[in-house]
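Listed next: structures, encoded as structure tokens.
Common to both upcoming complexes is chain A, partnered first by chain B, then by chain C.
Entry: the complex of A and B
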């Protein structure tokens, strides 16, 4: 094998508590890599979906329709005031019972929405509730007079929202959005609870099989999250910078 | 500029009443503006001037009376606001430019998005408008990089890009320092001389005297007195008008 693998194999022999098993054993290495990849997929899917929920929800919240507004308000209250872990279990075990199944081979019954699917839905709805409030705050920061100007130029409500209010609101919202999205990436670990094979899930299987790998694997989980969140924060501040308007406050 | 009595009224306001909750802001206002006329509305703060001008493009609704602009009945419950706003341009006290768009983009947005015109044609027209308001070279500047007077002139150009029939100016110089007031007023004056129908709420008496065909004085929700500038400033009959004029002239 190569030099690096031999090095970590030697460490494991010399220090029994520091078995970096995924540095020299291909099966464990595969678990770690697929775990990291699943965490990334989960994060990206939830970031995207929760942002869509935020934008659409904030638009609906400004609607003249009272029923629509109450629905959005109810949604926010429910998802903001209950633990995301409980939501996850609820979606998977309760709602999962009612989703249709299909049979690939005539014997198995496979639900249309997998545990990964439910994790994405549940976490996106959770983060989306916060995103709505974040965008709403941004929207309220856009002066009424700016909206009136676009209205008096003949813009429809949708056009005003899309071309004037949203671009300005987004700039105001970015710091708070940043925080929420960082939290979202970290909350993806809770998908562990419904056996989504993300990084924490894979790590736990590794240290259950190899207790000697407990410390190194925990360390790995921390390091991977520091890097993932670091990349997210960096791209968010890059985004913030690229949207800066000359001569404008935010 | 005057002598337009043979023309059709482009704006006619009849017995308009407007409430904000329990507060009555307009208490039966009526007047007409002919095509190509320049009308100034003056009066103390809180007299309903701004409310009145905002009613003309349906930014405020009214509780009774009628407003007709370019043949469009504003009290119609099925009022097509888009059709109205294609005909009526409005300029605000605080400019209200879109801060995330350059001067050119501010001017071009509405013709492209609302009138669905071709971008190339709109760009040409926008350049011509920038020239007309004397802002050549500032095409790519963001509002935050422009002075108040420059921003206000972009706002005027932005309204003109929609080729409106009537322009409304709501205290457009009130937020400017005395020097920049002039550059904005010159722009409006040129506009008026080109035959644009203009309705202005203003505190610029010198400007009103020079440019207006007709002056209306509002106080406490009604029109107290009106007339052409020649008689309005010298022969005011109403005591309230006299008092107001004596304090500002």
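Entry: the complex of A and C
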């Protein structure tokens, strides 16, 4: 490992614009690793939460209750039609004022929802709004006759959704869902705006402190995202394959 | 898993070095071509990168125009060159890149003069200003020592070199925002116990009357001169020499001290010393 560190030290010396500082300096390396980890955490939390929002929202959208339906519609319109960056700032600075806080020293007001918490909430709501629409498209693709068949077998609306419609709709929705989740992972960089120490935040910090590390660190960000999104896409298509029903045309 | 990922990242990155390194190496020729200088003269317009969120050095007035001490300096530069002035608002975190990529011809943007920055952009002396690092914190907390910041959340701004110093020397937990406005809002919202920044800027914030319950309680540290910059290729050519001359003259004839007064900045010893040192021996 020392050899590798020396190698990169040498590169930094020979090429002043190519200082791979995080390859030989433990503090910067720590920043990169913690940034990558935070990005992974954010992504996983947002993926999970936005999927839940999608499934529940799509169910509520098909409800007979007008109020519930308009609520979901309002939610979708708001979160789909406004920029995620503005949502983040609004959630963190404006709504953050109204959440309960605790004070460790009598002055500081630490909100119970941290900036990481707000990032997860806001990004999940953003992606969730799209997920609802994606699932709705999937649900509408399930033939009315299939639904009628399950009703005639005595399934309730909830049971029909759970056991018949959703499993089929999910398969139809997967490609579109795939796209949206890939976008979600990339959108986590915007949490930078509310100082969430994810990969971009740490990278910008590094290249501000060491201007010579600008190009290598930008490259690193690209590479990490290519890998992260690659892993996501691979597992999604694996999931898609494993859920394939022979003979069902998707 | 992480180790493995870092290794694969490394391999990709290495391949790209091989592709890019020759480009990087060919960049440092020594002959003066004065490209940027000639471009500015033939275009009849100089594009200067300044701050738009750093009162009173560079900020927006109520009609949205950028004004301030550094803008007055930029105006003087344009006047002496006989060209029009175009101002571009830059951030601490992108100002050097703007200059490198030719989006701006000259940068006068409250930048601290650091060794590693001199390798990227063409910094020329004599430095026109200086400031140290201090914090703005609520009077209620009664902070007295830098050590009081240890383990506490402290708001900062992305791109300031002392974030790292305060973090490493005093163990503060820096929460760095992209802009001053967000960081100061976070302080008002009590999300951090202090806002770490240039003492000069904090001083003018405090005197603006909008920060009654706050103070600048510590002794300033890491006093660091500010630098303007031309593109690095032009540092030892016409443009760099010209900007050295501008700064020398500003010091000698007291322009900087006048500007300091005009913009309500607390007079600094630094400028007074400089004027004394560079003073014209024949002047009365």
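Keep in mind that, in the parts below, the second predicted complex is superposed on the first by the 244 of 250 C-alpha atoms of A that agree within 3 Å, B and C clash if a C-alpha of one lies under 4 Å from a C-alpha of the other, contacts with A are read in each partner's own complex, and residues count from 1 in each chain.
The rule is short, and it goes like this: a contact is a pair of C-beta atoms (placed from the backbone, for glycine too) under 8 Å apart; a residue touches a chain by one contact, two chains touch by 3 or more.
These numbers come from a predicted model, not from an experiment.
S.K.: Do chain B and chain C fit side by side on chain A after the overlay, or clash?
M.R.: fit
S.K.: Rounded to the nearest 10 degrees, how wide is the angle at the Cα centre of chain A between the Cα centres of chain B and chain C?
M.R.: The C-alpha centres give an angle of about 160 degrees at chain A.
S.K.: Taking the superposition on A as described, I'd like to know which of chain B and chain C A:248 touches: first, second, both or neither.
M.R.: After superposition on chain A, A:248 lies in contact with chain B alone.
S.K.: Going by the contact rule set out at the top, does A:150 touch chain B (first), chain C (second), both, or neither?
M.R.: first
S.K.: Answer with first, second, both or neither: which of chain B and chain C does A:70 touch in the superposed model?
M.R.: neither
S.K.: With both structures fitted on chain A, tell me whether chain B or chain C touches more of chain A's residues.
M.R.: Partner with more touched residues of chain A: C.
S.K.: Contacts for A:235 in the overlay, against chain B (first) and chain C (second): which applies, first, second, both or neither?
M.R.: neither
S.K.: Tell me the contact category for A:159 with respect to chain B and chain C: first, second, both or neither.
M.R.: first
S.K.: Examine A:168 and indicate which partner it touches, taking first as chain B and second as chain C; both and neither are also allowed.
M.R.: first
S.K.: Please provide the least distance in Å between a C-alpha atom of chain B and a C-alpha atom of chain C in the combined superposition.
M.R.: So the smallest C-alpha to C-alpha spacing between these two chains is 35 Å.
S.K.: List the residues of chain A that touch chain B in one complex and chain C in the other.
M.R.: none
S.K.: Please output the residues of chain A touching chain C within their complex, sorted ascending.
M.R.: Against chain C, the touching part of chain A is residues 11, 15-18, 20, 23, 27, 32-33, 36-37, 89, 93, 96-97, 101, 105-111, 115, 192-195, 201, 204-205, 208-212, 214-216, 219-220, 223-224, 226-227.
S.K.: Across the complex, what residues on chain A touch chain B?
M.R.: Listed in rising order, the residues are 143, 145-146, 148-156, 159, 163-164, 167-168, 171, 245-248.
S.K.: Which residues of chain C touch chain A in their complex?
M.R.: Residues in contact with chain A: 2, 5-6, 8-10, 12-13, 16-17, 20-21, 24-25, 92-93, 96-97, 116-117, 119-120, 138, 140-141, 152-153, 158-161, 163-164, 168, 175-178, 182, 185-186, 189-193.
S.K.: In their complex, what parts of chain B are in touch with chain A?
M.R.: Where chain B meets chain A, its residues are 57, 59, 81-82, 85-86, 88-90, 92, 94, 96-100, 109-110, 113-115, 141-146, 155, 158-159, 162.
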